[in-house]
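Structures incoming, each one as structure tokens.
Same chain, two partners: chain A is paired with chain B first, then with chain C.
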Partner chain A sequence: MMQNPTFIRGPFFQAALLIFVAGMLYRLVRVLMLGWSKDNIPPMGSKATGVTQSYLKGLLIWPFIPWVKNTFSKNPVIYLAGGLFHLSLFTIVFFGAPHMLVFKSLLGFGWATIPLPIVDWMATAGIVAMIALLIHRLTNPVLKLISGLPEWLNWLFVFLPMITGYLMTHHLFLPYEKIFGLHVLSVSVLLIWIPFSRISHFMFYFFSRTIHGQEFGKRGVKP
Partner chain B sequence: MTTQDAMNTFVKDTGGWVASQLEACTRCGICADACHFYTATGNPEYAPVWKVELLRRAYEQQFTFSGKIKLALGIDKKITDADLNHWSDLNYQACTVCNKCSIACPMGIDLGSLLAGVRSGLAAGGFVPEDLAKAVQLQLDEGSPLGMTDEVWEDRLEWVEDDWEVDIPIDVEGADTLVIFSSIEVMKFPTNIAAIAQILNAAGENWTVSSTAREVVNFGFYEGSEEHTKQFLKTLLDGAKELGVKRIVVTECGHAYDALRWHAAHMLPEANNFEITHITGVLGELVGAGRLNLKPGFYDELDAGTITFHDACKIQRKGGHIKEPREILNLLAPESFKEMTPNQEQAICCGGGGGVIAIKDADPIRFKSFELKIDQVNKVGAKTVAMSCSNCRLQYVDGVGHFDLDWKVTGLSQMVADALIEEE
Partner chain C sequence: MPEESVYDSLQKEGVSRRDFLKLCGVMAGAMGMTSMPPLEKSGLPSSLDVTEAKSVERIAKAMETQPRLPVIWLEFQDCTGCSESLTRANAPTLGNLVLNTLTIEHHEALSAAAGFQVEEAKQQAMEKYAGQYILVVEGSIPTGEHAAYCTVGGRTAEMILEEAAAGAAAIIAIGNCAAFGGLPKAKPNPTNAASVLDLVKDKAVVNLPGCPPIPEAIVGVITHFALFGVLPELDKLNRPMAFYGKTVHDRCLRRPFYEAGKFALTFDDEGAREGWCLFKLGCKGPTTYNACASIRWDSGLSFPVQSNHPCLGCSEPDFWDGPGFYQGLSAPINRPNATAVGAAAAAGVVAGVAAGAANKAKKKQANEKEE
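This part shows the complex of A and B:
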């Protein structure tokens, strides 16, 4: 397979994309079909306010300002690493010029991208953050307890596209054609893995954050 | 009572609401830092994510593709009696269901509800710790887990009326408000009964207590048994209906308020025929509307040192009554009232809630986690700690004795009642 970059870039990547979309849809529908009971408890505060605050805080404030929540003052570096990793991933995946072109070929429309030097800096930050998170997972007693094979694979399958992408941009170690093939291969593996793993949290995040906002909002408490 | 019952309950509880949150967990472990039992002991098994592990496994094995593959490949094993026993210890002894972990969770997972779900499964399978199961049985047999039989209740109330010279209206049909005390107050903090009666009388409230709906404590809610929880709640709602009241006021008891205010209507829709509130809300209302003749700065004048307020998980973080105690204390003790850090919705639990205080085996970690509160209170230099939950108060009184501290532990109602200006 490695000998055939066009296969990886072509049918293999497309198959991976299909597995990713179908798998995620399956998981979404399955959870939706489990049934949702109606909340008949008279609220004390506004659920809508709670949900709004929940998203503002969850997305914008605390991943980057750990001391907003006293809990994180114990380990602000890890929290910052988590926030930085996600920011880096989003920026590169959606606003890196080559990635936007892939989306454009799939969706038929494109958008403005971020200049390479910034994307490159983001990539470095993201890779450093991932290494910090790995060290944390290897040493923290709670994370050691809750980490099994799926958790280690999660890390690996996310790290591979990042490192191959970085090597490709900087023309390091391998010829461009080869590293490009490896990059697309690692992305494909990640896409196939996501529906079977907890990396799918990017979809269920919108459930839990909404529920969190509703639960705190209906009690009139800051989420 | 078998593992299968536990499993069936786990599965029954797994609607989309629970499932989507179990799916959202990234296993980042950040919830651990929010848990007072983990922080105090460093035992990684006390991480909330690990306490919920049983529910996650049951859910995945039953519903998810990857869960079934894991089971088939032997990566995951079927849940056994030994697992349930182990998680019974983790969940009943090392969790107060205080829900601080849900604030810490970057995904915002409502861990408190999931932890309650774990308890439901354990209760259905008969894996409730002996001490807690005994208390539930007592409540089923005598109407109260603390031995507050009809006779004892009548005697205690009569004694409070005589000793504090206060009227307590009993079984008044057509009263507006039914006040339901907890047996902790009746048996251990009778001054609370007197204080609340004085306050409501002073405000001219048309209130009553009920001789049938007289125990607000709900040990079925602690153990997580829907059947028992519902049965105890029904006694209260029936009593309220008989007297024809409009409003039910839960006194200084946290979990009972949580059960009545935020869960009863899910099990018994008739709960919505009443306005259900907590005495902290009533105090806030009465003080805010100027219906109580209070002496502003009363506690500053006493010069008894700094006063701080302990936020109860079920009344403040999960109950919503965060502002009222502050408004009251800023009126009665504008100089001497100081906040602990962290406070309000981010407060650290007392360590005795969720039935933990009723379980003897949990004593060592219960006291260990109380050391966090000692640090907090000492940092602010408080000599008096006020709170609006008698279960927290029990834990504080116990902790003060255990660690030989010189703090005064009191209830918010008590503080309000003491600051009332007597009318001629």
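This part shows the complex of A and C:
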């Protein structure tokens, strides 16, 4: 299979995409069927306001004044490296020219992209952040206790596309088309893995934000 | 005839010593020679082995001593575009050298004779030069029960190739069709077309893919073998490194725009007029190994990217079956259709509902137990 990038770039990637779609819908329906908790007593505040405020704070305020939060002061490595990693991944996946072309071929429309040197620096930052997070996970006694095989695999399956992508743009070690095949292979493995792992938080993050925001908005019960 | 050296025959044609040395210089360039092949392998007299000798002098010596080399050129499922390419080689003398002096003993398209006459001439040449001639194959070969899709003189291409390959010193597969199957082999491959390497296992085969290959590459490889008796250094796909060692992207004149993120988005936008990178219009330059960007075409005049068209990747295997000429290089080769996506989505939803229902039943049971 390694010898045949055409197979990886063709049927294998296609199968991975379909498994990803099926898997994510499976997870989504399962979670939706758990049901939404009912208010036995009407709350005093507006739940909608709570949800809106929660999103605005989480996206526009806390990231710019992180030091006021416990999450930052207690775990600066996780906060900084984690934040950098997410920013790097988001930027590269959606605004790297070759990635946009993948979306364009699948969706039928494209968008503006970012020049290679900037993408490259973002990639370097993302890879360094991932290594920092791994070292942190390996050395922190609490994290070590709660890390099982799925957690280590999460790290590996996210790291492989990043490192193969980096090697590809820098023409290191292997011919371009071989690393290209490996890159698509690692992305396909990640796509298959996502629905069945905690990386699915890219979807469920919005559930938790909404539910928490709604709880914040209740502000007690109506007298 | 073979006893006469290349230089002898050129002299007969009235080529002066000065022009002859000029030609040797052009050839060194055409062969992409920066270093010479090891002499002992080539079977040339050891007096030639002067390490300080420049490549031009080496070529001059070889041309003065080596006998002329017969070339037999076969055409199968092709369009004769590769022959057309050869006749437009950079230096007129160079094309002339291959076409006349190096003795193309048999070439269907260029032959004045026709029919059984030309078949007979081919048979005679193959007998006379058995074990010495270079066999050039242009076009792919239909095989198996589809072999009849290409016949010459009542015999299939497969049979003709087998017969000609047996007496060849080396085989050069010219063009993507002969090298990798090309257009005839594109899905669904109705003629069950195969490349030369698929069929010939016991001979040295050089692949010169391209649609067509660069004429300088054709001339360079033929003269290299004619003069030194060995094939040039090849890559994993049997392509000469001198011409196929770097990608089109590596040497592209629009590469700086790629790095800077300046792309043409349509064929008539500002980017296209400014000569920006064609990556977003489907350029396959980064995965295409060929010398288009450095040697260029029509005597170094231009090449596709310079003329505002993305590289199609014509020197790579199966370039017809990629994601599409105007789809990005990174685009997946197979795009899932609506039915497949719908089926996957439905499967996911059904599985989700089933698991959800099971969870609900469990919850209900647990609640009942508590009560």
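Everything below uses one rule, namely that the second predicted complex is superposed on the first by the 208 of 223 C-alpha atoms of A that agree within 3 Å, B and C clash if a C-alpha of one lies under 4 Å from a C-alpha of the other, contacts with A are read in each partner's own complex, and residues count from 1 in each chain.
The rule we apply is simple: contacts are C-beta pairs under 8 Å (C-beta built on N, C-alpha and C of every residue); 3 or more make two chains touch, one makes a residue touch a chain.
These numbers were taken from a predicted model, which means no experiment stands behind them.
Touch criterion met: A:Gly148 reaches chain B, while chain C stays clear of it. Judged by the touch definition given at the top, the superposed model places A:Pro42 against chain B, while chain C stays out of reach. Of the two partner chains, neither chain B nor chain C is touched by A:Lys178. In the superposed model, A:Val21 lies in contact with chain C only, and not with chain B.
Ranked by how many residues of chain A each touches, chain B and chain C are led by B. Once chain A of one complex is fitted onto chain A of the other, the partner contacts of A:Leu32 extend to both chain B and chain C.
By the touch criterion defined above, A:His170 lies against neither chain B nor chain C after alignment on the C-alpha atoms of chain A.
Once chain A of one complex is fitted onto chain A of the other, the partner contacts of A:Ser105 are limited to chain C, with no touch recorded for chain B.
Of the two partner chains placed by superposition, only chain C is touched by A:Thr6; chain B is not. In the superposed model, A:Ala97 makes contact with chain C only, not with chain B. The interface of chain A with chain B overlaps its interface with chain C at residues 26-27, 30, 32-34. Within the complex formed with chain C, the chain A residues making contact are 6, 9-11, 13-14, 17-19, 21-30, 32-34, 97-99, 101-102, 104-106, 110, 113-118, 176-177, 180, 184.
Residue ranges of chain A in contact with chain B, taken from their complex: 26-27, 30-37, 40-42, 44-45, 54, 58, 62-63, 69-72, 74-75, 79, 82, 140-149, 151, 196-198, 200-201, 204-205, 207-209, 211-213, 215-216, 219-223.
Contacts from chain B toward chain A in the complex involve residues 14-17, 19-21, 23-30, 32-34, 38, 42, 44-45, 47, 49-50, 53, 63-66, 75, 100, 102-110, 113, 261-263, 265-266, 269, 272, 316-320, 322, 341-342, 344-346. Interface of chain C with chain A (complex): residues 247, 258-263, 265, 279-280, 286-287, 318, 321, 323, 327-336, 340-341, 343-345, 347-349, 351-353, 355-357, 359-360.
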